[in-house]
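Both of the next two complexes hold chain A, though its partner changes from chain B to chain C.
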Partner chain A sequence: MLNPSDLAAIWLTLKLATVTTVLLLLIGTPIAWWLARTRSWWKGPVGAVVALPIVLPPTVIGFYLLLLMGPQGVVGRFTEWAGVGLLPFTFWGLVVASVFYSMPFVVQPIQNAFEALGERPLEAAATLRAAPLDAFFSVALPLARPGFITATILGFAHTVGEFGVVLMIGGNIPDKTRVVSVLIYDHVEALEYGQAHWLAGGMLVFSFLVLLTLYTLTGRKAR
Partner chain B sequence: MRLLLLALLCVTTLARADELPVAVAANFAAPAKQLAADFEKETGHKLILIFGATGKFYAQIRNGAPFEVLLAADDETPARLEQDGAAVAGTRFTYATGRLVLWSGRPGLVDAKGEVLKKGGFAHLAIANPRLAPYGAAAVEALTALKLLAAVQARLVQAENIAQTHQFVATGNAELGFVALSQVIKDGKVAEGSAWVVPANLHQPIRQDAVLLDKGRGKPAPEAWLNYLKGDKAKAIIKSFGYEI
Partner chain C sequence: MSIQAQFRLDYPGFALDVDLDLPGRGVTALFGQSGCGKTTLLRCIAGLEHGAGRLEVNGETWQEANSFLPTHRRPLGYVFQDARLFPHLDVGRNLDFGMRRATGAVPQGDTASHNSSRRASIIDLLGLGPLLDRLPEHLSGGEQQRVAIARALLTAPRLLLMDEPLASLDHTRKQEILPYLERLRDELEIPLIYVSHAAEEVARLADHIVVLEGGRAMAQGPLAETLARIDLPIKLGEDAGAVFAATVAERDAEWHLARVEFDGGELWVRDGGVPVGRRVRVRIMARDVSIANSRHDDVSIMNLLPATVIAHAGEDHPSAVLLQLRVGATPLLARLTRRSAQRLALAPGREVWVQIKAVALIG
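What follows is the complex of A and B.
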């Protein structure tokens, strides 16, 4: 059965995924909006950077984050200067890494939803004298809701399933950085296959349910 | 005539030269490469070295991995494989004994007696996961013997294996950590930063055992390789990488 350290890891994982998803919706929405509407030359490079985590192995991301956030790294120097210390081996370090790592899974669905809107609803809002910000909140956001649902579910689920990056910068500290995926790896490596099955099986069921919900919701919207 | 002899020699060498897959503990990668090159030159057998974590090798070997010899990072895994019938009984031996070292990338941080552990002045002390890695278990034993485990517990960060522990320290994210002497030694000395070689009586010896696996049973190449590892030449190479025998 699940022991207290397993439960602590599950709680930590859910906390990490929730914080990451909320932050990603706040940061990702303006990026998605900009990417969907800009004609700037920067669209290509910014879009590519956002999509990088889809292509790169997590160990590459983890390794570079470890260097960047370390005492000699640019980010590490900044966080030390800002008085928050170094990020590796901390919960907030994992949050920063997860925000980067799960970014494409949040930005891309929202961007697609915004692109699908086209110009017309916003032009209509403008003729009704809605200010751009008002038009964004009362027209664009509600119309893009399916994109936001997909983004939220994928961002959350992808953070729950994150492994390589956490392994590289986490340090396996109980209640701070020891998330479920790392604990499963530990159990398997320590040949505690029974313990591993409880968590790994739970993860499998969870992932299936998440995707089932997603496809049921978006499928209904399409009809 | 001489040409004929040479040709004959080549043919016989080729005939003997079958490929031998060897699973090697990641901490032993560097010496294994040098040993393999020397062995290949001597015997004409061809080695294929596969580096990885010993726990993972165990799972792979139990599930039919084609390795013929295992050079493990501990002495438990070869024993367990023998019990399981996946290794040939009576072929186990210790090919190297690891030395633990408290190491920092910063010169002067770690003193010659390891007093830094008592004095403090560091935020993170990296160790390998003691449940998985023999060097991690040895580090915890040493800290326990020094009665310092409770004092440093909150500052411990765990890596999954000794290679990652080294990475935590080398990148400066942990100021210091317990790593393998073989990782930081170069030409018989600790090459960079500062270090304290932990006295061997503070922890159980880190015995790394080799064993002939079931897939290599009765074949000449794996047997030759194991015999080579027991020889003086091999021992000298292993020692030069910071291990004891």
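What follows is the complex of A and C.
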């Protein structure tokens, strides 16, 4: 059965995934809106940077984030100057890393939804006296809802499943940075296969249920 | 009271360049083939396209060299060709979307009751009562377009713009909406600019017409005058013709005929059930008008009117000429052979009799 340290890891994982997803929806929505509508030359480069985590090994992202957030890094100096200390090996360090790592899984579905929306409903809203921000909240957001559902589920699930970045940035500190995926690794290293089974099986079931929900929801929309 | 619009807009392969002075009341049709720039012009007026130029609507400046009022701050209503109802809102909420924003979020007291009675009368005008709880996806094309018209009207616009509101509908749906548009024309107190490439709609609805070709205005003026111009014959469908207003004066039960009076005379037409006193539009095609130098009562044609020849012009085929005449104040077109025109010595200023073979009442 699950012991207290397993439960703590599960709780930490869910907390990390929730905080990351909320932050990503807040940060990712304006990025997705801009990417969907801009005609700027910067669209290509920005889109490519957002998509990098899809192709890069997590260790590469973790390595550079570690340097950036470390005592010699730009971000590290800033956080020390701001009085919050260094981010690596803390929960908030994991959050920052996860935001980068899961960014494309949130931005891209939202961007696709905004692109599919096009100008037409927004023009209609403008002729009905809706200012741009009003039109965004009253027309664009509700119409892009399927994209937001997909983005939320994928962002959450992808954060739950991360391993390499966590190991690089967070290490393996109980209650602070030891998430489920790392703990499974620990259990296997220690030959505690029974414990590993509980967590790994749980992850398997969780992932399946998430994807099942996603495909059921989006499949219904398509009909 | 007028609308002054000057726009210049350059696209690859297309340029819009117009300078228009439109009446501040009634229906103005922007008429032309697809690609002539009529929709682009309408979008410029709405502020959806930002061309260089100037726009003044009944005394208010909407666009000048250095100022541009964004669309959401222009008191206009816009009906798109594809309705563009918000799919996530039911009909009632679609109607309220613009009304709430145009008339204040929480109307109170007199304003509130004024708004709700206005809402009720527009819902009634467009026959939307039974549709209010439905989602747009469950409406027919014609119903969607009626909702879109009501939605635009409920913003209490000072200018109404319609971009081919009937173009995406089949014939039956068109006939279903046209009467609503005619009622609207008669009850509306604001100017309506109506984009169309369909001559029938223009003849039925417009008071004023702007003919666009290749991004430029070829002609603009009152409908009857402009349609009767022979220097640039504007085809009503496949042929030239005159359209003017008349009033039903008498209905003859024995012969099933109705007498309509217009500025310059009267005509007998088939009685289509239009009540006495009602304003109607009369269309007379050029091919249905023949000319005589004296009055002949020994012909089957009922409508014989004295007229004055104003001008004539050559036609596509060298055998034909198009004659512009005036019956009283009303212009008329007649097509005849060049030989007949010469035989009858039809020079400008000559008094003749026109024999009108067919008269159509169009709404």
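Please note the rule applied: the second predicted complex is superposed on the first by the 223 of 223 C-alpha atoms of A that agree within 3 Å, B and C clash if a C-alpha of one lies under 4 Å from a C-alpha of the other, contacts with A are read in each partner's own complex, and residues count from 1 in each chain.
The rule is simple: a contact is a pair of C-beta atoms (placed from the backbone, for glycine too) under 8 Å apart; a residue touches a chain by one contact, two chains touch by 3 or more.
Given the structure is predicted, the values throughout are model-derived calculations rather than measurements.
K.L.:
Give one of first, second, both or neither to describe whether A:Leu143 is in contact with chain B, with chain C, with both, or with none.
P.N.:
second
K.L.:
In the superposed arrangement, does A:Gln72 touch chain B (first), chain C (second), both or neither?
P.N.:
In the superposed model, A:Gln72 contacts chain B only, not chain C.
K.L.:
Report for A:Gly202: first if it touches chain B alone, second if chain C alone, otherwise both or neither.
P.N.:
Neither partner.
K.L.:
Now for A:Ala131: first (chain B), second (chain C), both, or neither, which partner does it touch?
P.N.:
After superposition on chain A, A:Ala131 lies in contact with chain C alone.
K.L.:
With both complexes overlaid on chain A, does A:Glu123 touch chain B (first), chain C (second), both or neither?
P.N.:
Second partner only, chain C.
K.L.:
First (chain B), second (chain C), both or neither: which does A:Glu189 touch?
P.N.:
Only chain B; A:Glu189 stays clear of chain C.
K.L.:
If we overlay the two complexes on their shared chain A, which of chain B and chain C does A:Leu86 touch? Say first, second, both or neither.
P.N.:
In the superposition, A:Leu86 touches chain B alone.
K.L.:
Is A:Asn172 in contact with chain B, with chain C, with both, or with neither (first, second, both, neither)?
P.N.:
In the superposition, A:Asn172 contacts chain B only.
K.L.:
Going by the contact rule set out above, which residues of chain A touch chain B in the complex?
P.N.:
For chain A paired with chain B, touching residues are 63, 66-67, 69-72, 85-86, 88-89, 167-169, 171-173, 185-186, 188-191.
K.L.:
What does chain B use to touch chain A in their complex?
P.N.:
Checking each residue of chain B against chain A gives 53, 55-56, 58-59, 123-124, 126, 129, 131-132, 156-160, 164, 167-168, 171-174.
K.L.:
Show which residues of chain A lie in contact with chain C when the two form their complex.
P.N.:
So the residues of chain A in touch with chain C come to 120-121, 123-132, 134-135, 138-139, 142-143, 145.
K.L.:
In the complex formed with chain A, which residues of chain C make contact?
P.N.:
Checking each residue of chain C against chain A gives 46-48, 70-73, 76-78, 80, 82, 84-88, 97-98, 101-102, 151-152, 155.
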